[in-house]
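First chain A sits with chain B, and in the next complex the same chain sits with chain C.
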Partner chain A sequence: MTLSTFLSSTLVLGLLEAAPLVLAAIGFTLIYRLNGFTNVAYAENITLGAYFAVIFNSLLGWNFYASIIPAALLSGLLSVVTYLVIFRPSFRRGVGKTELIILSVGVSYFIRYGSRILFGNDLFNFNFSSTSYLKVFGIGVTNIQLICIGLVAVISIGIYFFIYKTNYGEKMRALADNEELAMISGINPTKVSLLIWFIAGSSAGLAGLFYGSFSFVSSSLGWNMILIVIMVSVVGGVGSIRGALVASAFVGIVTSAVNLLSSNSLYGDIVLLIIFIGILKVRKVRV
Partner chain B sequence: MGLLSGYVIYSLSFLLIYIALATILHLQFSITGIVNFGLVGFWGLGMYLFALLQTKLALPFLPALILACALVGMTALLLGRVILNLDGQAILVGTLAFATIIEYLTTTEKWATNGVMGLGTIKMPFDFGRSTDQVFFLLILLCLVLLILYTAKLKTSPYGRLLLSIKDNEVLAQSLGKPTFRHKIIFFTFTCILIGFFGALSAPLYNYIFPRMIGPGVTFTIWIALMLGGRTRLLGGMIGIVATVGLFDYFIETVVPIPTQYAEMVPNFKFALYGLMLILILMFRPLGILGDKKKEGVK
Partner chain C sequence: MKKSLILLLAMVLVFSAFTGCGSDPAAETGNEEAPAGALKIGHLSYHTGPFGHVGPMFDGAANFALDFINEAPPLDREVTIIHQDIGTIGEGQAARKLVDSEKVDVLLNVAGEYMSYRDWLLEVEAEIGGPLLPSVHGGSIDMAYGGVVTEPIFRGAPMDTDQGAATAIEAQKQGAKTVVVMAVENDGMQMQQEAAVKASKALGMEVLGELDFQPEQTSYRSVVSQAQALNPDALLIFCAAEDGGTVVKNAAEMGMSSIIVGATDWMFVEFPKTATMDALNKHKYVGAVGFTYQEGPAWDFYKAAWDASEYAELNDASNSYTLQYYDLLNVAMLAIEQAGGTDVAAWVDAMYDVSMGPGKKVYTYAEGIEALRNGEAIDYDGVTGAFNYTPTGVVGGLFGVFQWTDADTLERTSLIEGQTILDVTSK
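This part shows the complex of A and B:
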């Protein structure tokens, strides 16, 4: 393998790898910015987004692209339900930050194994009506992967504009920075929180279904991603969408570079985790 | 000893190991406030190092145990130096990442660990014929009793008070001239060695060890148990483990007859129920089954 094919493969495969991660990290970082805790149950939002799409696509026979919309809406709804039923009452009861994280682990277990009871231990695949293979910089990719990347780009830019350029986004940021001040200014915290949890849940669901469309859907899809998602959000800077974007691209490129060099894909994750622990130390991030 | 033979004694030995791990987690979390989400990493490291030293280097039981604990201690010291002065959530993510790295390394480093094929056979330290398992059970019981006595003593000792003061207000403890970071690292290292020690003791019980045994499920099961039993209480870990692992892995899987076609669904129900129990406990009885006792700890 020459250096130029190595570099172009790394770049193309890396960006493919990173695309769903960007969505997952954006949603995660939004909840983190608003409520200030690591929501491990977010992993299950990713998984269920993929399952919802499987229901519409494989079981009901919808077109893959048509099933994206109900899947995104349903996973947004799921996120709102977990917020209303579990997290909001817990904030009100004054559950501490560490206990909240452990609580979210409980929610994660409940949803993951609950969905395994419903869906069984099987793996699911999406039905694509037509798959064609294309070459990008000499690297073989499918048209589905390219469309997914395009959609991810559109959706991330959309969320970015929503948060930084619209009235609602401003309210959202105000609430995250100082809840009391925001309330005095006439911002309704419940409405804004519901909106954030909905957007975060939808982008988690989208991440899950795109990730699943590259390989297959299993009940541990989100769980396998969550550690890297948390790391990306922490390293990229809490609440920073640009940071999440850069860190996700970095993850994708490092993973694909290590994968091209070694036979075992676990080495990519090991290298990443070590780099991330190092970054945590160097930046002394206040997560 | 008809009742305490074979599978029963094996399950009870693991119950004791889990109780020990929950007690150590209680030490780390309730006394110094360190959120260790990488418990299984230290446990698995102790287990694998011990197994490697015994099978590959043919070391006898005690030297292998001591060396494994020392290596776990060095790893803990290194990790502690890197992450312990960061804030709570960074420690949580860092330890979780550490445990994941250990799990992956046991899979990838096939030359040492045989990867997913499993490493074995790991021998018991002694041979008393048919009662070897019972004697090993008593050895674990003895270690657990010592651990619980130490935990009870620590809470009222001056050193325990120092650690509690770091947990409650680290800046205040610093201003009194206490080297808080150093104490945190030393205590973290010490407790991680204990975790590794019980990991090493688990290896002969398992006989054969696999990477999937050291997945994050172990850490979260023990966290759930500790929260359920009562994280601020000495016996909280024990009560929680009996109510979770004891009830499911021991009672339901061995005593209750489950038709074979449903057998693979049992773990799903188990973990879903663990999750539900944890949610209900944290929302409605945050201090666990045992709750709080006013005299406990230093106010």
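This part shows the complex of A and C:
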């Protein structure tokens, strides 16, 4: 493999890998910033977002792109329900962070095995009307992948502007930074929290949908991704959308580079873990 | 917090109750209370985890064979089966549960992690003289193990190494002169990879690279990119159906048009579903080499029965796992009748007796049990062939080459005889 092929492969493949991760990390980091705990059940939002899209696309016969919006809305709704039924009552009772993580693991298991009852063990695939094979910097990609990357970019930028450039976004950040002060300022914490959980859930659902469109949808889709999502969010700086974007792209590119150089893809994960541990050690971050 | 946890627990219990109410045909005949005197089979199967989708097929294959066996069960003892999930707790832990708690007479193993609990099981065998160990996917177990009283493993599938060699033979037949051999990191697949490398060299092909990858990834673009850079004529790939589908799809997406040969798992419908027919058609050739059936009276009976059964919806009659479950359970139960019980020493001798004679040729369990009860010696020839064992419990078999003509249709395009494989592996 020549150097130019290596560099172009690393960039193109890395960004392809990173695209859904960006969305997943943005959603995760929003909840973390607002509520300050590691929501493991977020994994199931990723999975169910993909399943929702499967219902519209594969089962009801909708166009793949038309199924994106309802899948995102349903995933956001699921996130809101989870918040209202499980987590908000716990916050109100003053449940500790560790117990919340345990609770979220339980919720995750509950949703995952619940979805298995509904969807079974089958793997699902999306139906695309037509696939074109293209080249970007000499690397083969499909039109679907390029459209997905484009959509991820648009959605990510949209969320970024919403959080940092709009009145609602300002309220969300204010609530996340200091709830009491935000309430004194007239911010309705329930309304804003619901909005954050909705956006986070929708992001997760979209991430799952894009992951699924690259390969297949199974009940363990989100669970397999959650560790890397947590790591990306922590390394990117919890609560930082910009950090999540950069860290996701970094993860995709580093993993691709290492995998291209080694004969075993496990090394990519190992190198990534070592880098993350190093960064956390230097920054002295605790989750 | 306590209330939340209680609520969560209650919800989990309610859902757990619901999970027992499925209409899966594979689940209906298993896991029932065993009647007194019944022979208990503990079946290590998948209901959860990444291979959860194949569990119903495995359970169905076992139930299908037992439906016939229980029409005239060995020693007039009804045969019951416990389908134990290994997807979450692992094969070793599940085996312990079945042996220690359920006290099964037969431990039927389908997966490839035998080595992780072999030491414990050998101690159990030495201590209590059981259970019997028919192994459907024993092809991933080192061929030095089994076939003896101290380790009563008898395989339903030929060695994985044979399959590795068969893929190399097929690649060469398709015109390949250079190959890259790829495999996921588990015992059976690595064994096949090693065998494929050796066979490729023995056949005079150049092996440009050996690449390992992790199972259950959403993308294999990096490893495909490495393979692409080596510019081989053919890729020999050993992995599960969905992983293989993703690799083949990624390869097409990245502009490759290659000869690709996979193994038995690619005969599952998940392979074309994941790969997409669009991607399969972009390649010069995509085939799967897998264990296959032998035409004859055993196959004629079995195929008609399978197609007419409630299990037919699970998979095609020619599915290699289903064939192997059927033959292995038939022979194992006939051997219990011949042995007069589940004493390991007697059963091991009986396994050789009923499977490879000398005696009357029988092609179904019913023929076999009738002959045994008439005092005749038998030689079982099954749907997978002569079903003869080596001294370490290794069974021979026939290999077929399969291609997906559409997302639902798998076509057997040619056969690879056992002797052809032997000629290559013995070089």
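The working rule: the second predicted complex is superposed on the first by the 283 of 287 C-alpha atoms of A that agree within 3 Å, B and C clash if a C-alpha of one lies under 4 Å from a C-alpha of the other, contacts with A are read in each partner's own complex, and residues count from 1 in each chain.
The rule is simple: a contact is a pair of C-beta atoms (placed from the backbone, for glycine too) under 8 Å apart; a residue touches a chain by one contact, two chains touch by 3 or more.
In this text the structure is predicted, and so the values were computed from the model without any measurement.
Student: Quick one: chain B and chain C on chain A, clash or fit?
Tutor: Once both complexes are aligned on chain A, chain B and chain C clash.
Student: If you stack the two complexes on chain A, which partner ends up touching A:Gly114: first (chain B), second (chain C), both, or neither?
Tutor: Both chain B and chain C are touched by A:Gly114.
Student: So, does A:Ile270 touch the first partner chain B, the second partner chain C, both, or neither?
Tutor: first
Student: In the overlaid three-chain picture, which partner chain does A:Lys135 touch, first (chain B) or second (chain C), both, or neither?
Tutor: Touch partner of A:Lys135: chain C, not chain B.
Student: Would you sort A:Tyr168 into first (chain B), second (chain C), both or neither based on which partner it touches?
Tutor: A:Tyr168: touches no partner chain.
Student: What is the contact status of A:Tyr160 with respect to chain B (first) and chain C (second): first, second, both, or neither?
Tutor: Touch partners of A:Tyr160: none, neither chain B nor chain C.
Student: Could you say whether A:Asn125 touches chain B, chain C, both of them, or neither, answering first, second, both or neither?
Tutor: second
Student: Pick one for A:Phe91: touches chain B only (first), chain C only (second), both, or neither.
Tutor: neither
Student: Going by the contact rule set out at the top, does A:Gly106 touch chain B (first), chain C (second), both, or neither?
Tutor: both
Student: Determine, for the stretches 63-71, 81-89, 207-215 or 243-251 of chain B, which one clashes with chain C when the structures are superposed.
Tutor: Answer for the clashing stretch of chain B: 207-215.
Student: Looking at chain A, which of its residues have contacts with both chain B and chain C?
Tutor: Touching chain B in the first complex and chain C in the second, residues 86, 89-90, 93, 95, 99, 103, 106-107, 109-110, 113-114, 116-117, 121, 264, 266, 269 of chain A appear in both lists.
Student: Within their complex, state which residues of chain B touch chain A.
Tutor: Chain B reaches chain A through residues 29, 35, 82-83, 86-90, 92-94, 96-98, 100-101, 104-105, 107-108, 220, 223-224, 227, 264-265, 267-272, 274-279, 282-283, 286.
Student: Looking at the complex, which residues from chain A come into contact with chain C?
Tutor: Residue positions touching the partner: 1, 5, 9, 13, 16-17, 86, 89-90, 93, 95-96, 99, 103, 106-107, 109-110, 113-114, 116-117, 120-123, 125, 131, 133, 135, 139-142, 145, 211, 214-216, 218-221, 224-225, 255-256, 259-260, 263-266, 268-269.
Student: Under the definition above, what is the set of chain A residues touching chain B in their complex?
Tutor: 37-38, 86, 89-90, 93, 95, 97-99, 101-103, 105-114, 116-117, 121, 227, 230-231, 234, 264, 266-267, 269-270, 273-274, 276-278, 280-281, 284-287
Student: Where on chain C does chain A make contact in their complex?
Tutor: Answer in residue numbers: 1, 4-5, 8, 11-12, 15, 18-19, 22, 47-50, 52-56, 185, 209-214, 216-223, 225-226, 229, 242, 245-246, 249, 252-256, 270, 273-274, 276, 278-279, 282.
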